[in-house]
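Have a look at these structures, which come just after this line.
Each of the next two complexes has chain A plus one more chain, namely chain B in the first and chain C in the second.
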Partner chain A sequence: MAEHVILFAGPMGAGKTTAIQTLSEIDVVLTEAENTERDVADKPTTTVALDYGEITLGDDEKVRLYGVPGQRRFDFMWEILKERAIGLVLLVNNDAPDPVASVLEFLEEFGELYDRGGVVIGISRADVSATPTVADYADAIAVRRPDLVVPIFTIDARNASQMHMVLMTLILNIETRAAMKASGHLSS
Partner chain B sequence: MSYPISSAGAPPVAAPATVGWSAAAIAVRSILQISTPLLLRLVPQGHEPIYIDFRHHAFLWPTPISAFPAIPLSVDVETEPVPEGAPPLFDPPGQNLDNLLWPIGLNAFGGQSASWLRPNDRYRLKRWPNFTEMNHTVEQMRMTALLGTVALTPEELADAVGADVRVARQLVNALSLMDILLVSNLVAAPAEAAPETRATLRESATTRDSLFSRLRKRIGG
Partner chain C sequence: MSTPAHKNPTIIANGIATLEEINDLCRSLHYAALLTDDGFEVVSLPGTRVQGSRMASMASSMQALSDAVAREVRIGSSEYIIIAAEKGYVIQLRIPGETLVLSAMFGDSETLGKALSVSRLASTKMAALMSSATA
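What follows is the complex of A and B.
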């Protein structure tokens, strides 16, 4: 069975569970529990271990979608999952406190995927808070890695066509960089 | 020049109308390059005026952007300086200007390179366009992904993805108008993607065995 693991990460309340529910063709396995950090995200439950969904591409091929917990006390799960992952959809809610810093922090945590070009950023709730803009995020990321252009999109995690585009862009970016590397153009 | 919100200032300057979006694109590009606070009104024939406030990178148009006219018979272009401290032209935040520059750039210049682009330059992406808010094709996605990795001329870009060169030029025009491209000179810089590399990329982009192609077949797009 060929498997392609895609992670969905980001701070609590960014829409990771909803994004997987939107993309998955199966009922998503949800492992939620009472949210003990209501001051951070005002919702009754949050992901404590992981969410899981999948897309079947054929008899022996699946794209597996894992939502990793947003709270740092569960970051041991990040280590386990990112070893198997080919790509990361990093979601952040634009009306959270300092969402740009949050993105930079997650990119640091998932640096290996980031360096491979396997990251797409989705900004949720941009309709609620117009700033920071997509350009603000791009500028902040460019300070750290000016050579790496990370796709950044405003998203509504409930919107299937938007989430399909995000996933397709992630795969396209990974395969484009792999092709460049195979031709000897990229060293990393 | 009539604005939804009145702004005192110098009298507007009208440019001669031309067919299509080329004159509008040149006007927008010129204003963005000089970073002078100006207001712009574009009136595509048969449509409501489009108001652009460059200070806030925003525009106002009552028509949905999905109804953008690709080839209007004429587009009147008017500029007006903004006095220091003048209020926004319309209630903020308005619509993101990039969402307007994308279709203008794609439809201006009739498949030729924009007049401000030089034939000996290669282009690389500074940041991705926000495709969730813009009508785009899979071919444009492929070309954008490639420009995020390597600097190419429009001709090299078309070659690398197996696309019509006019389509590649339209994309580069739009990204350039949005000011999200880095420019390097073809003569001064070494070849970023040699013909054999482009052949590899073309094969990768068009092969049915790619995960992208299988996923696209499964979920559409």
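What follows is the complex of A and C.
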């Protein structure tokens, strides 16, 4: 059975834990602690180590889903979890302060996953805040990293079909790029 | 919105008293800190060689992972964590009844039993101080 390790990253409150709970076929391993930064994200708990879930795609493809803590003080977990991952679902909440800057910052931190496999971006809470638009994110990425081709979706992390779409897009992206590398059409 | 533990003067004062007691009881102590469950340092012993904020975040992750493992294998709640290394020990305990964790590092001249005993004593004392502060 083929296996993929996919990370879910992004700032606190973006919906990483919810997305993994929505996708996972097993009970999600959670490491939640009481959130003392209610001024940053008004939610009772926050992930302090990792989230872990699994999903099977088709007959023979298992995807291991790892969520990383959103706060930079846990960046040692980012490094640990990045090691085995081949793809990234980058989530950001559109009503956060300067979400475009957050996306650029996380793309920088997790850029090696683009090189290794692929990245997709999910914009949550776009129903709460209509701006920035998907085009604003795409423009900012095109300026900062014109070498990246990154699909961007607006998502509701609670919506299973939306999250499946995001995940399948990432897997397809990873497999297509792997095939292109293997055939010499893409430099590794 | 209540004051976070790492900014609460009462909790900080109680924490200092607790850490000073460990230091008095165990001279091989290299580092001790109280931290919030979500990885903020409340108070630590001054003059130690550990980067406190980073250690607090790592201790928070370890605590949560040990809780997750205990939950997964259904053995109740995780009481303490011991890391035994070549040059010393790190011991972590949750403060009973609080969303706080005590993390302490001892040199290899200490016995594990004494280090654990002192840490448990401090954790119990901190819980008692917190309880009397809210009574």
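Everything below uses one rule, namely that the second predicted complex is superposed on the first by the 175 of 188 C-alpha atoms of A that agree within 3 Å, B and C clash if a C-alpha of one lies under 4 Å from a C-alpha of the other, contacts with A are read in each partner's own complex, and residues count from 1 in each chain.
One rule holds for everything that comes next: contacts are C-beta pairs under 8 Å (C-beta built on N, C-alpha and C of every residue); 3 or more make two chains touch, one makes a residue touch a chain.
Just so it is clear, the model here is predicted, and its values are computed rather than measured.
Novice: Once the structures are superposed on A, label A:H4 by its partner contacts, choosing first (chain B), second (chain C), both or neither.
Specialist: In the superposition, A:H4 touches chain B alone.
Novice: Name the contact category of A:A138: first (chain B only), second (chain C only), both, or neither.
Specialist: A:A138 contacts chain B only, not chain C.
Novice: In the superposed arrangement, does A:I26 touch chain B (first), chain C (second), both or neither?
Specialist: Touch partners of A:I26: none, neither chain B nor chain C.
Novice: Please indicate which partner A:A101 is in contact with in the superposed arrangement: first for chain B, second for chain C, both, or neither.
Specialist: neither
Novice: I want to verify the contact counts: of chain B and chain C, which reaches more residues of chain A?
Specialist: Residues of chain A touched, chain B against chain C: more for B.
Novice: So in the superposed three-chain picture, is A:M77 touching just chain B, just chain C, both, or none of them (first/second/both/neither)?
Specialist: second
Novice: Under the touch definition given earlier, write down the residues of chain A that touch chain B in their complex.
Specialist: Listed in rising order, the residues of chain A that touch chain B are 4, 23, 55-58, 61, 63, 117, 130, 133-135, 138, 142, 149-155, 159, 161-162, 164-169, 171-173, 175-180, 182-186.
Novice: Any idea which chain B residues touch chain A in the complex?
Specialist: 92-93, 96, 125-128, 130-133, 138, 141-142, 145-146, 148-150, 192-193, 196-197, 200-201, 204-205, 210-212, 214-216, 218-221
Novice: For the complex, which residues does chain A have touching chain C?
Specialist: 29-39, 46, 48-50, 69, 71, 73-74, 76-77
Novice: Show which residues of chain C lie in contact with chain A when the two form their complex.
Specialist: The touching residues are 1, 4-6, 36-40, 53-54, 56-58, 60-65, 67-68, 72, 99.
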